[in-house]
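Step one of this worksheet: look at the structure below.
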Amino acid sequence: MHQDKNVERRTVLKAAGASLAVAGLGATATACGGGSGSGDGTVTIRYAWWGAEDRAERIKKTIALFEKKYPKIKVKTDFQVYPDFWKKFNTQASGGNPPDVFQNAIGFLRKYDAKNVLLDLNAQVEAGNLSLDGFRAGLEKFGEVDGKLLGVPVGSNSMALVIDKPVYTKSGVKPEQGWTWDDFDAAMKKIRDKAGRAGDSGMYGVMYLYDLYLRQNGKAFFTEDGLGFTEADLKEWWTKAEKGIKQGIYADPKKVAQTKPKSAVAAELAAGEFTWDNFTVRYTSEGKSEYGLAPIPTTDGKKTGQYLGSLMLSASKRTQHPKEVAQFINFMVHEPEVAKIMGYDRGVPATQAQYDAFKPTDPVNKAIAEYEESLVAAGVLEPITPHPNGADICEAGFMRIAEELALGKRSVDDAVKQFFTESKTALGS
Amino acid sequence: MSAQATEITPAPTAKGGALRRKLPGSLAWHIGSLLILAVILYPVIWVVGGSFKNSDDIVGSLDLFPSDPIISNYTRLSEGIADIPISTFFLNSLTLAVGSVIGILVSCSLTAYAFAKIKFAGRNLLFTLMIGTLLLPYHVLLIPQYVLFRNMDMINTNTPLLLPKYLATEAFFVFLMVQFMRNLPRELDEAARLDGCGHFRIYWSIVLPLSRPALITSAIFTFINAWNDFMGPLIYLNDPEKYTVSLGLKMFVDQDAVANYGGMIAMSLVALLPVLAFFLAFQRYLIDGMATSGLKG
Amino acid sequence: MGTAVTHAPAMEDLTQDSEPRHRPAKSPRPAALKRRGRRETLAGYLFMSPWIAGFLLLTAGPMVASLYFAFTDYNLFDAPQWIGLDNFSEMFADPRWQNSVKVTLWYVAVGTPIKLIAALGVALLLAQKRRGQAFYRAAFYAPSLIGASVSIAIVWKAIFSDDAVVDRTQKLFGIDVGGWTGDPDLIIYSLVALTVWQFGAPMVIFLAGLKQVPRELYEAAEVDGAGTFRRFWNITLPMISPVLFFNVLLETIHSFQIFSSAYIVGGGAGGNACGPADGSMVYTCYLYVQGFENSRMGLASAMAWVLLVAVALVTAVLFWSQKRWVHYEEGA
């Protein structure tokens, strides 16, 4: 399928019309079959996502657009904050009643595939309802697990070092692509001495950063079915962390805990934090300073280990309308108008067409686009493997145990041992 | 409560001038009581004052009331939480609370009547079982009840929260009513029996009206408990549109607390108002209910 | 589920049906009596039917199910898998579970005595009949009604956080801990403070008990020259011991089940944790995390049964001990 975008869309629309006619016939033939099909061939699909009010507003507008183009598909929406979303999803999925289509992330693909919840969208790609063309940087591969297409990326993010710009400037620190961990440590000390602020909010507990560090050394946090590092690896990482806490280069964990859910950077407890690049948007709304993005430090002066992370749309295996769901996903990832509405809310748009459709004008979003472009230019991006079942519990455990270490509740040995014990249980190995 | 015998103060006696001893004693009593009152009231006054402060001044400032009070914390509440108007949460809580009150009043009074006024085989055994449930930690039932309601496809409805109330599972209220009904004069219902009244007539026209104080106490406690309940709605309700005030507040904490701390404090206070109003209106019933529950009926 | 009603009836009533026995007024003929008895039984069960249905469906049935789940691996998606005692061995070896036990025991052991002593102390103060007594009694009781709410938990978190009133007051005395809610060892004391703040409910019960102490006893003691403390120790305390027992039992049982305040005050501190470094991860919070966040219903059921056994043991010990220190009036 190497068609021009517009042709592509027209084909999809035509296919949609045809399929709807078929669906309509089907509905009259088996009127008592599906609960959500009505006599005139209109089907209703349920769409759930996590996020805040702002995202809800945008998504509402994109759905209005979708319903206008597909008048025979009605979309019922539902959203929660992140933890509540998964609690509810879990309930519904375990009861055999998950939403037809929902927002997903790489950490949950194997988890819910193991529970037989996710629909393999490959059949819909073959049927022409969903196109995998035109994705940036190989993103279409991100939702693939064992040859099954379990999710389609809507946007991409990358880990970055989000910094309080004035504090960095004041301390005379200028991070550059390819700087090393030694440079980073020296910078942290400089910030502590010159600006009187901790340089970092607690990098030792950020699973995704440790993943990058491992990748710089030829490993990774997760393999397909377990952890990709040894107790000795983690011991090295956390020993360094313990030293840093004593030196005052990381923010006081007690204060960080109390300022939550506000970020330590916005609360002016730390000059920087390793997190996803689109978090600058949040920090800008939370804090008073000016926030920017800095490159990830490296081990060898080149490799950052970075990859694009992404939010996806997945469909449930139980859906009675796989075709309509596929059309919906297709519309949401390819339609340029959608990108104009969504902006970088779910990361930088995954397809080239959407990427080109939205050009940010504000400095914060502009910086995000530039950052991701610079990553592509630097050629540092790597592929990512979907996390194993139980990865979400490992991540929470990593953060919590690192915090316990920082608070002095555990020794390094104890913390490492505890993390491996918990992970073993969570990963079921 | 006014009986002289209830006073247990070391009574002022003849030795030493009564007046001289009484005055400082009284002063100390009032100072002591006022000090305790200050500690008790501090959090409530804090939240009242905080709701009129700028978000940045709420935690850091020691002043109870701001020098330049603002009302924007309240006006911003009209925007709702996550696009849902505050009134939705209040209506949901009200529905649950009123539904609970009706359930408790009907089911517990019927059960209590059977325990108190009807002699039947197995009554003592059932009574013991009922008392047993009073001491049972709720958490043992949490998971199986959840699984049960999930299998009946009732998650995300009010049924799991209301059904227990209609099936008299709140043993405390059954007990309260049993104690009360047992102490009603027997002659009344015995006379009614001789007149040929059935149990339902006696229950409806004699026992229920006479049990009003116990019913009112139960109703108020039920309302307040339902209003405050957090774990039940947390587990059973999934749609923000169905959230109670407690869950709405928790959602506020998770979603908007950073951007709108003052609004969260204002909402905390607004969420307390119904309970405080009930307390002011019915405190006698509440305190007498509490007091008698601890003593033998 | 966060109840404001934390008190149930006195214990001598719990153990038996204390309705005064009354003789049958006249004895009708046996056949009629039998018929009437059957009718009464029918009426009795009819009136009780909501409770019986509730007991079977929502209490007894679930208890049996819960006991079964405790020996299974159950994630809601797949049918429960029998795994014998694995849940229990995993639980006992889990440092997080051990921590939750420690935190809970600490909370119960510190919070309950302080709360009851405060309740008794204030009750003794209020038992003096002075102007304003009714007002103070009502005001002191109010926290017991609102203490379980999310609102108060939010307020509590704010008051005990860094640079807030408690922290600033401490600094005046040269103690700087940087806020209790961020400290894994101190956060539990903010919860202890919250439960002590709600001393009003047991206080009201103490007050009712104090009012029933016959005044003659004090007068007689005074004639014997007994001082205030002697009178308290020899008269007041024994006379109110049934009420004291009742308060100790109920407060202890309820302290074991603390959930919402710990969940809110300790919330948002990283992943599925409760408080910094699980500092306020009380038993029921960990049960919730395992059951509802990690979907481990079998393990959570096993945890619930361990809690049940623990509470039953504490209850049994208290009942056993009451023979030694609780004095019931003769004939009661």
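The letters A, B and C name the chains in turn, as written, and every chain counts its residues from 1.
As a convention for this text, a residue touches a chain if its C-beta (ideal position, glycine included) is under 8 Å from a C-beta of that chain, and two chains touch if they have at least 3 such contacts.
Which chain is which protein? Per UniProt: A = Extracellular solute-binding protein.
Keep in mind that this is a model prediction, so the values were computed, not measured.
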item	value
Top chain pair, ranked by number of contacting C-beta pairs	B-C
Furthest chain, CA centroid comparison against chain C	A
Inter-chain centre distance, chain B versus chain C - centres from mean C-alpha coordinates, in Å	15
Centroid spacing, where centroids are CA-atom means, of chain A and chain C in whole angstrom	43
Interface hub residues of chain C, defined as touching at least two other chains	76, 161, 268, 292
In chain B, residues with contacts to at least two other chains	150, 253-254
Contacts with 2+ other chains: residues of chain A	83, 87, 91, 94-95, 261
Residues on chain C engaged by chain A in the complex (per definition of touch)	75-78, 90, 95-96, 161-162, 178-179, 181-184, 268-273, 276-278, 292-295
Of chain C, residues touching chain B in the complex	1-5, 7-10, 12-19, 22, 25, 37, 40-41, 43-45, 47-48, 50-55, 57-59, 61-63, 65-66, 69, 76, 122, 125-130, 132, 136-143, 145-146, 148-152, 154-156, 158-159, 161, 163-165, 168, 197, 200-201, 204-205, 207-215, 218-219, 222, 228, 231, 236, 243, 246-247, 253, 256-257, 259-260, 263-264, 267-268, 284, 287-288, 291-292, 297, 300-301, 304-305, 307-308, 311, 315, 332
Chain A to chain B touching residues, read off their complex	52-53, 56-57, 78-81, 83-84, 87-88, 91-92, 94-95, 97, 261-262, 266, 285-286
Residue numbers on chain B that touch chain C, as the complex places them	1, 4-11, 13, 26, 29-30, 32-33, 36-37, 39-41, 43-44, 46-47, 50, 58-60, 62, 106-107, 110-111, 113-116, 118-124, 126-131, 133-148, 150, 163-164, 166-169, 171-172, 174-176, 179, 182, 186, 190, 198-199, 203, 221, 224-225, 227-232, 235, 245-246, 249-250, 253-254, 264-265, 268-269, 271-272, 275-276, 279, 283, 286-287, 290-297
Residues on chain A engaged by chain C in the complex (per definition of touch)	83, 87, 90-91, 93-95, 115-117, 205, 252-261, 393, 395-397, 399-400, 403-404, 407, 409-410, 418, 421-422, 425-426
